[in-house]
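The structure follows.
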Amino acid sequence: MDIDTSRFSFAVLTMSDKGSRGERVDTSGPLLQKILAEQGYRQANYAIISDRVDHIREKLIAWVDKEKVDLIITTGGTGVAPTDVTPEAMAGVLEKEIPGMAEAMRAESLKKTPNAVLSRGKAGIRGKSLIINLPGSEKAARENIAVLLPALAHALDKIQGGVSDCGT
Amino acid sequence: MDIDTSRFSFAVLTMSDKGSRGERVDTSGPLLQKILAEQGYRQANYAIISDRVDHIREKLIAWVDKEKVDLIITTGGTGVAPTDVTPEAMAGVLEKEIPGMAEAMRAESLKKTPNAVLSRGKAGIRGKSLIINLPGSEKAARENIAVLLPALAHALDKIQGGVSDCGT
Amino acid sequence: MDIDTSRFSFAVLTMSDKGSRGERVDTSGPLLQKILAEQGYRQANYAIISDRVDHIREKLIAWVDKEKVDLIITTGGTGVAPTDVTPEAMAGVLEKEIPGMAEAMRAESLKKTPNAVLSRGKAGIRGKSLIINLPGSEKAARENIAVLLPALAHALDKIQGGVSDCGT
């Protein structure tokens, strides 16, 4: 079935201490916006924030609860460094986890590098919104979102109560 | 090693709002009963209930704690729709999670459809019983249980304190 | 990039009721020590303890918080038997989970045996230390650690705040 992707708005949130201070140019955020726009999704927002659990939660909750953004893609903060806290911030944000999305991205990345096991991003649902954590590097973000693109529109349709057939 | 599957009882629980109201015929539940019976497991119970966390928990806990069913297979409610709450119901039921069962089912399904990432079923142990969440569609339920069948008897034997060799 | 593995200390913890009573010789523990020493890591400690959640937690927390061991490998207690409680002991020890490590080990083992789905080991971070649960059998422990060895030094470097490139 074909679902009209323009039904769904998206926002991209880049986690980067350096980026939020203007000391580093964010390339993954713009890349993800380009990819999603090319798929027909409507851009609603974009922000760069520092790697702090409370900041991340506040922003995600505002985008879901107030701005009603349908799809939120985060990039950065998914690794094992002390500053990487994106997965921890998801507790208290996600109401339902979708572990298969994270597993599929890691399994695909693992074909290219053994370091893929260190990617700790989560995916899940809050309200009627889908939130997906991607790694911060441009290359990894591009490869990871590619794994999920074929399932995104169907996921969003179902999350919002649609009755399209799963094909599973 | 060969473990006698007739040592173990099983029950199938179908989650379906429509099914529980008699508005939809459950085909996955009967299919799973047939598959498990063919493997030699003894049928103990079968029920169709609505997609409500409290109903699901109550039924699973009764089947484990009172009826001592060894193996409980659920079907339905594992997706991302607002009514899909089977994985959430498992909290408060499972005492130990077995994430590898869910991962293996999703990885296998992913070979067939990108939507497999949306299957959120869990598996785990309560008391001396094994509980496994399968998707609701007949096709997905059949494909998913096939992944686990070769490990089921050994799992049940170990869960109940058996000393068979893992072969791992 | 090449990271000097001799920067990092390691310890091996074997979970075995029989082993802790001297009724069973631990072969997996010594094997893992040999493998890690051959990779250049410096041995800090080794112990065999019984399969009790409080004992496991106490030992792991002491090794991380007091002895500052960089890498802790546990072996045993990851299965589905009533005595297998290693994964449950990790709650209250790990501050960040690294689910991809456990997923990758299980996916690799699954190529050899369907019983790999029953391995419930976790991996994660406490303070600046990496803790990884491996199965108890010598064969499974060897096969599982082999999956992670190529990512270990990079993981430890990042966990401790290093700025080496992920290559992902």
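We call the chains A, B and C, going by the order they appear; numbering starts again at 1 in every chain.
To be clear about the criterion, a residue touches a chain if its C-beta (ideal position, glycine included) is under 8 Å from a C-beta of that chain, and two chains touch if they have at least 3 such contacts.
Values in this document were obtained by computation on a predicted structure and should not be read as measured data.
Subunit A and subunit C carry the same sequence, and matching their CA atoms takes a turn of 120 degrees, rounded to a multiple of 5. In a homomeric contact, the two copies may use the same or different surfaces; for subunit A and subunit B, under half of the interface residue numbers are shared, pointing to different surfaces.
Computed centre separation for the pair subunit A/subunit B is 30 angstrom, with centres defined by C-alpha atoms. Subunit A has residues 99, 103, 107 in contact with two or more other chains.
In the complex of the two chains, the subunit C residues touching subunit A come out as 96-101, 103-104, 107, 125, 128, 130, 147-148, 150-151, 154-155, 158-159, 161, 166-168.
For subunit C in complex with subunit B, the touching residues are 79-82, 84, 87-88, 99, 102-103, 106-107, 109-110, 112-120, 135, 137, 139-140.
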